[in-house]
Every structure is written in C-alpha cells, then in structure tokens.
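What follows is chain A paired twice: with chain B in the first complex and chain C in the second.
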Partner chain A sequence: MKKRVYINSVGSVSAQKTFENTLFLEEITSYNDTTMGVINPNYKDYIPPAAARRMAKGIKMSTVSSKTALDEAGLDNVDAIIVGTGLGCIDDSEKFISAIIDNKEQFLTPTRFIQSSHNTVSGQIALGIGCKGYNYTYVNGATSFESCLIDAMIQLQLEEAENVLVGGVDELVPHHVNTHRLINHIKKIPVESAHLLASKTEGCVMAEGAHFFVLSEKKQASTYAELIGVRTYNILAQNQLAQTVTAFLKEHELSSDAIDLVVLGYNGDVTFDPYYDLLAKGMFADTAQAYTKHLSGEYDTAGGFAFWFASKVMRTGTLPAVAHLNKVAITKPKTILLYNQYRGEYHSLVLLRQC
Partner chain B sequence: MGKGIAITGMGVISAIGNNVEENYESLISKKIGITKISHIDTVHKNDIMVGEIPTTNSVLETQLGLSPDSWSRTSLLAVIAAKQAVTNAGITDINAFRTGLISGTTVGGMDKSEQYFYEYFENDKTWHHINGLHAGDSTQKIALSLGLKSSFTTTISTACSSAANAIMLGARMIKSGQLERVIVGGADCLSKFTINGFKTLMILSDTYNTPFDDNRKGLNLGESAAYLVLESDAVVAKENKKVLAYVKGYGNANDAFHQTASSDNGDGAVLAMEQALKVAGLSPDSVDYINAHGTATPNNDLSEGRAMNRVFNGKVPDFSSTKAFTGHTLATAGAIEAVYAVLALQNNVIFPNLNFRTPMQEFDLLPETELKQKELNVVLSNSFGFGGNCTTLLFSKEA
Partner chain C sequence: MTDLKLELKEKIIEQLNLEDVSVAEIGDKDPLFGEGLGLDSIDALELIVMLDKDYGIKLADPKEGKQIFESVETMAAYITSKKAG
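Now for the complex of A and B:
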C-alpha cells in the first residue's frame, strides 16, 4: 500500500516579500522590467556575517528558505535533502570562467570553483544541519524542482525516509541574462507585472528565487496539503497535452471536473503560452484558474514558487485576486493541479489535495 | 532481502576505448589512457596528465551526422555511449515501455560556454551553444537522439557521484513501479573550467595517478560517457531478455564534513556502503571485489581505505581502482565503473590497480595489482563527490 505524502512546511525567498512566512501575498511588489531580483531578507539574521561574506547568493537564499521550512515543520534535521537547480550558483561559475579567460588561467582561487558545483547548496545545507542522509541535486532545466518532488515521493512511499527537505533555487546573474537576451529567451522591452500576459512579445521576464518544503509521511498541525502525484515529460506536442493531462488525472482516479483550481505556468512568452491556452480554454475552461509568474518571474525552479503558492492557497482557503486568471470563483479548493512547461519542453504536472 | 534490478545493456566511450569491448581489452592488457592533453589549449598542458578520449569532436560529429560545432563534447560523447547501450539491450522501439532517462553530468556544455563566453556578444553563429550551459540540455539531446517522447528524463549533478546516483535513482524508479525501463549513466568532457578548478584545489597529479600508493600525488582528470539499460522483471520476462548483471544494492549518504574534502574516517562512505549492503540484504563477507573510488588524491584514498576497513572489519575483500587507466572522469566515474563491475562479473576477473608500489603508512591495505581470475558473484563500487556526496552500488550475477 502506498503511503501518503504531506507538505508539512514551506519556505520562500522570491521577487515578492515571501520570506515572511506568516504573509501570503497581502502586499504585492510590482515590476516594470525584463528581469526581477528577489526581495532580500536580512541575511544576517540567518547567517553569521563572516560566513556570508564569500557565500554565493544561491546558498544564502536557500539557507533562509530551508531554515524557514525546517522551523515551521518543527525539525532540526531530516532524513534526506533533495535540491533542484537549473544552473546552480551560476554567478560563481561565470566569475570563475571570466577569471580563467581574463587572467590566462593564472592566479585563480578555489572558492568560486567549489561553489560552482551544482550540488553546493544541498551540500551546504547538509553541512549546516549535520545531515548525513540521502543528498541529491537535480539539474534538469524547468523540471529540476519537480524531479525533487518525484524522488521525495519515492523516498516516503518506499519508506526510505520519514521527513525529506526538498527545494529549488536559481540565481539571476548578468552574463546569463545578457546571453539569453541575445537569443530572445528574455524580453527586450520591459513589461509591467500586471500586463505580463498582454505583452504579446517573445521571451520571459527572468528572475530568481529559493523555495524549500518539508515533505513527510505524517500529517501534523503545520500540514498544508497532501501531495498526490507528480509527472514530468521531456517534450510534449500541443496536440498531446489534453490527453496527457487526462491520463495523469486518471492515474489518480480523477477527472478534470474534480479539479477545483488549475495553476498555469504562463510567462508571457507569446510563442509558448498557447500551451496553457489549450488547457485554459479547453478542459479547464469552467475551472478556476490562477497564474504566478507575473509575481515570481521565470526561472528553472519557478515551479517552486507555484508549489509554494498552491500550498498557501490550500492552507488559507483563499485565492489571492492578484493571481486569479479567470472569473470562475473559488473558495476552499480541495484539489489543485499545477501545469508548467518551458519553451515547449520540460513539462510537469503536480497534483495537491486538501487534507 | 532486496531483489536486484536487471541490467540488459551498456555502452561506454573513454580514454581506453570507444566501446565496451575496447574498454575490456584495455583493462585486461594493462593499456592505459593517460597522456598529455591534446584537444584543449591550456597553459597547464606541460604539468598535467589526463585521460583524454583521442577521437576529435569533428570525428564524433561525423559519426552522429551532425554539422561542425553543433554540440558540446559532453553531448557528443553522451549520445554515442547511450546509443551503444540501447543497441546492446536489443531495444528497437524505445517508447514501447514506460522508458526514462537519467543522466549525470557536472560540466554539461561548459566546454563551449568557456570557449564562447565573450564571443557570444560578437558572433551569432555561436548562439546555439548559449542554452548548452544548462546541464539538462545534454540530457535532452540524448533523449531526443534516442527518440524518447513524453518521457521522464532528468539530470543529476552531485559532482563525482552523479552517474552513480543516476543508476541508484533508476533502480529505485523501477522498484517503485514508476518506470519499466530506464537508461542511466553520465557524461563529462574535459574543460578548462575543471582543469583550472582542480588545479586551484592542488589535487592534480603531474604524472600517472597512483591509487592507494603512499606516494600518490593526486588525480588525472579524464573524460568519458557511459550508460546502462535497466529493465523491470516484467519487461525482461516478456522480451526474453539476456540479463548482464543486476543492480543489487545502493546507498547514498552525506559526509557532512567539508564542502570538498572527505572526513578522516570516511563516515559518509561507511554509511553508503552499509546502506547498500542493507538494501541488497547481503553481509559484508559476500562482497568478492571492490572497485574503489580510488582517485589517488591523498585525502580520498585515506578516507576510503579507512571506511573500507570499518565496513569490512579489517577483512577488506580484493579491491582495485581503475582510475589509473581512465583518469577520474568526474560525473561519469560511477557509470563507467558500473560497466567495469559488470565486465568483472561476466568474465570473473579483477582488474589491476596500476602504478601501485608503496603501501600506505596508515593501514595495511594492498590493492590487486595484477589481473586476477576469480569467481565473482558480488562487486561493490564506490563513488564519492564534492558536497560530501557518497554513493555505493552493489552489482551481482544473480538477482
């Protein structure tokens, strides 16, 4: 018999003021730009200044976010740490590369190279809390975070672990932004947050963030929701999407009518948003719909923000108006489906249930 | 008692051979692949030795029917090895079963990223490499080259245990029923990034690496790609598949000691080995051969040796490191050594730990230095990485 999997806590550092875990988008920060950095917590409250000095931003954001999640779950340690990241602490990677080129492979120091290891965040969290358990890092573009969820579910269902810390983190850094601007993956013209979906231009508004969660086999007072299922698909043709979603729901003995809220990964890219339209105007036309990337921006682990958002909606029973996409009203949703893809690749479906 | 997951195919390209047969020939004839570097123009070329694959990118591109400078070398190597594995497993319709792909890499497309870092802004002919910095990009290229659609694919990057962890995840996903078949392994090419990175850590040897030798001076970086096909019992039965060996056990633990160094007593390594034995339901004395991580750095070999002594209570089975042949191929180490473990089981041989002369002062462990014929039933393989990441895999002849 399969064990249940509960989301017992959340932690977020994002382009909104989400590091204050008691809040849920009461106060919205609006942007009119092509990139969005995070609203930084006071890192000194979490990390000794001496340690923070050379620490990559990805590690800092993750330290805050993971500590928030561990605290809320009432845990000092976990059985497993699983982190997803598209690019790791890429600021250090870029600085190490430029130093190699600029200094002709001389006078280099190891810190930036060490922090360039994709698994530096999961390793640092393990070091910080003294966790000798399972420690994985997924680096698979826009399904990096969702890969963590799949792994964590197997951990809990095969009884390999009781409490798993999962997270996703990515940094926003200049060289990466500038190169992705060249190939139109990032918008050329600034767009106001509220008008993201009306921009009708190519590319996304690129951002950063760190989201951590404790997934457990036991429900407790802090539990947000039950995680029912996660699937990822490397590529999907548009004409396969509806049947893929139907098949996924059927695996969990659900039909599309059973979904109270669908959270869609719209990022304002005119070329690839039609994937979401297919569901929004198709099988979920009469279902309440939400979107989040005007709040979080786009990055490989932006799925972490959507997962945080859906967890908060489940816990509070309310859908913030700022994220409401259509006119179908919803209170106290029982079942939430998240769908995300990036540039027609790296598709994911995540299903949450009230508990 | 854990039941093993069937291995039905494998493929590899490394400094000692372009396929499984060539790698085996080199291993049994002591033909090493460590040379001066030839494909990368680095200022360190006179003071390092590497395990470089002799084949140039342009030959690999021709082999894959690609135009020049299409992909990162990591992707080129990966697709070649993954296709070998799929062919070896006798797979004709890749989407016939619920098939996944799990690949480990540390550098991904770093070779092109470092080459075009500034040129991107001057030359639009380089722009197709921009997205290649994503480690997941190499995995997607393998998936599409194999014809995988609507499939579970992911990439693991836990430094030098990446591919070992890919194998472990693949076994767990079959065990949990999420996949019926999965291609697992990893790929990493040489790059200035890793050469200079390891140089700053001062763990590169200026000569042939000497695992478990008291005078060891460090590692030789290498490059390789290796993939294995794992299939569920149901698929094996239905397709009447020949099983090469089984993934019998696995364990992953964290040393939680230091970001780049292993603890003195190898706590993480002990936990990983113990967990793998527990998953397999085997006692330490059932292990016939250990293919050690054995990078030939002062830190690794001491820590791993102490860990082996702890797990096996001073009675360490025959062991060797094959890194003197291939160099340390980073993410791929766990996959290439998984292929070697299967070859050891199939042929009942222990591969020699080359370049060993002087026993280490800290303990009396002596690696096997000559090719040794011995009936093997269970082989243990270690892979350890930065971030304290420790993985052990157990391979067996019987399920």
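Now for the complex of A and C:
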C-alpha cells in the first residue's frame, strides 16, 4: 500500500496579499492591466539586509514563502528541497546578458551570473536553513511546479524523505514581458481582474509569484489536505482531454461525480480557454467550479497559486465567492481536482483529498 | 579629492546594492571589508571591475588590492596617483 502524502503547510507571495498566511483572500486586490506584480512583504522582516542585497526578487519571494511554510509546519529543516521554475531568476539573467552586450563582453562581474541560474532559489533556501539533503530544480515550462509535486510524492512514498519542501517561483521582468507582448502571448489591452474571462482576446495577464509547501508522510495539526495524485502531459489534444481526466480519476478509483470542486486554470486567452470549457461544460457541468488566474495572473508556476488556493479551501471548508466560477454551491469539499495548461501545452492534473 | 571620495561612496552603494547604507554613513577611513562595511570577496571583484570600467585603471597585481580597497580614502588616493602618473 502506498504511503500517504500530506500538505502540512503553505506559504505564498503573489499578486494578492497571500504572504499573510492567516488570511485567505479576505482582501482582494483588483488590477486593470496586462501584467500583475506581487504584493511585496517587507522583505527585511524575513531576510537580513546583508543577505538580501544580492538576492534577485525571485529569491526574496521564495525565501519569504518557504520560511512561512517551514514555520507553519514547525520545522527548522527538511530532508529535501524541490523547486520548480519556468524562467529562474530571469531578471538577473537579463541584466547579466545586457551587461555583456553593453560592455562589449568586458567588465563582467560574477554577482548577476551567480544569482541568475535556475537552481539559485533551491540553493539559497538550502544555504539559509543548512539543508544538505536532496536539492533539485525542475524547469519544465508550465508544469515545473507540478513536476516537483511528483518528485516529492515519490520521495515520500519510497520513504526516501519524511518532510519535503516543495515550491514554485517565477519573476515578472520587462524584457520577457516585451517579447511575449510582441508575439501576442500577453494581452494588448488592459483587462480588469473581474472581467478576465469576458475579455475574449488573445494572450494572458502575465504575473509572478512564489509558493512553497511542506509535504510530509505524517499528518499533523497544521495539515491542509492529502495529496493523492499528480500527472503532467506535455501535449494533449482537446478531444483527448475528457478521456485523459477520466483515466486519471480512475487510477485513483474515482469518477467525475466524486469531485466536489474543480479548479480550472482559465487565464482569459480566447484561443486556449476552450480546453477548460470542455471540462466546465462537459464532465464537470454539475460540479462546483473555481478559477484563480484573475487573482494570480499567469506564469509558469501559477499552478502553485492554485495549489495554495485549493489547500486553503480544503482547510477552511469555504470557497471564496471571488473565485467561484459557476452556481453550484459547495461547502467543505472532500475532493478537489486542479486542471491547468498553458497555450494548449503543459497540462497537469492534481488531486487533493480532505483528511 | 573630496568630490572623488563622495563619488566613490555613491558608486560603492549603487554597485554593491547597499540599500540600507547612505553616503553619510561611510566614513573616509572606515574599513570596507571586515568590520566596516562588511564587504566580501565577490564585492572585491566588483570593485576591481569598477576601477577598470569607470576609471580605466587595471589592477596589475591583485595583491595590491588589500591596500587599495582598505577604505574610500585609500581608493581615492590610488585613483588620484594613477591619474597623475
């Protein structure tokens, strides 16, 4: 029998005030833009200034988020740190490359380079807490975070680890935004958060965030939910989606009727949101539905925000009205399914159960 | 020389991202490394590059660095002597 995997704590820095871990979307920040930055905590409350001065924003966000998760789990250290990121600390990467160009390959210093590698975040967290265990970074586009969940589940189920810190982080930076705007991956016209799904335009509202969780083999007072299953698919045609979801649920001896809440990754992109429509209007038409990207924006690890959201829903037993997508009422959901994809690729299914 | 010291302090703060340090807080003779500003070896590299890029001075012997980067005053004196020479 497989060992169980519990979500024992959460930590998040996002476009909402999620760094206050005692709150759950009581205060909503609305945007009317094509990008959304995070609401910054006071980083000095978490990171000594001497350490912070060389940290890229992604590292700072992750430090706060991971500290929040570790504190809630009551842990000083973990057996493994697994971080997912689509772009790493791209702000420093951009600055380093710009310096190469501007200075004609002269006068290069190591600081930006050191901080710009994708695995900087997991390394910095490990240095901060003195973790000499397994340290890994997944860079798998929009399934980077979900890949971490799979790895952590395997580690816990094989008893390779007892407590694993898992997280996802991505930064919002000007050059990346400009290039993605050019190819219509970001909306041309600002969209008000509440009207994201009604925009009917191409592209998304791009954002940033860092979300960390302690996954453990043992349930404790702080436990949010049980993580039952995760699966990722690089490519999935629309006509394969329903059968793929059905097969995933069957693997866990469930049918669509057993899902109390489905969290869909709608990001307002008229070209790719039909993937979600297929489930929302099909097999989950009579199931309570939620969406989160009007709150978090889109980024490669936005699945981490949805995972944070689902964990909070599980713990509180309430679905915030701001994220409720349809009219099917729900209280105290027992089983939550998350489905996400980005531009028709990088699909993921994540299944949580009340415990 | 006074202007150069002020300029160096501003550059050090900006280059090394010393967000919580103001120009007024850096004394001319304060040690830059160790107990003073607490800079480290990566900062030393940044300062060497700064000398080269902003003042056209290449440090021929890295061992000289210990004396040159002792304080803002020693840095300013080194730059002034190199420019005069």
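Points to keep in mind about this one:
Here is the rule we use: the second predicted complex is superposed on the first by the 355 of 355 C-alpha atoms of A that agree within 3 Å, B and C clash if a C-alpha of one lies under 4 Å from a C-alpha of the other, contacts with A are read in each partner's own complex, and residues count from 1 in each chain.
Everything below uses one rule, namely that contacts are C-beta pairs under 8 Å (C-beta built on N, C-alpha and C of every residue); 3 or more make two chains touch, one makes a residue touch a chain.
Since the structure is predicted, the reported quantities are computational estimates derived from the model, not experimental observations.
With chain A as the common reference, the superposed partners chain B and chain C fit together side by side.
Counting residues of chain A touched by each partner, chain B versus chain C, the larger count belongs to B. Contact with chain C, but none with chain B, is seen for A:50 once the two complexes are overlaid on the shared chain. Rounded to the nearest 10, the angle made at the CA centre of chain A by the CA centres of chain B and chain C in the overlaid structures is 70 degrees. Look at A:194: by the touch rule set out above, it reaches neither chain B nor chain C. Contacts of A:285 after superposition on the shared chain: neither chain B nor chain C is touched. Looking at the shared chain after the overlay, A:23 reaches neither chain B nor chain C. Legend: residue contacts after superposition of the two complexes on their common chain; A:270 is shown touching neither chain B nor chain C. Taking every C-alpha of chain B against every C-alpha of chain C after the fit on chain A, the minimum distance is 9 Å.
Across the two superposed structures, the residue set of chain A contacted by chain B and also by chain C is 106, 108-110, 114. Note for the complex: chain A touches chain B at residues 81, 86-88, 90, 93, 96-98, 100-101, 104-106, 108-110, 113-114, 116-120, 122-124, 126-127, 130-141, 143-144, 147, 150-151, 154, 157-158, 160, 175-176, 178-180, 182-183, 185, 231-236, 240, 244, 300, 345-346.
Within the complex formed with chain C, the residues of chain A that make contact are 49-50, 52-54, 103, 106-111, 114. Residues 42-44, 101, 105-106, 108, 110, 113-114, 117-118, 120-121, 124, 127, 130-131, 133-137, 139-140, 143-144, 148-159, 165, 169, 172-173, 175-176, 178, 192-193, 196-197, 199-201, 252-260, 267-268, 271, 385-389 of chain B touch chain A in their complex. Residue ranges on chain C touching chain A, taken from their complex, read 16-20, 38, 42, 45-46, 49, 52-53.
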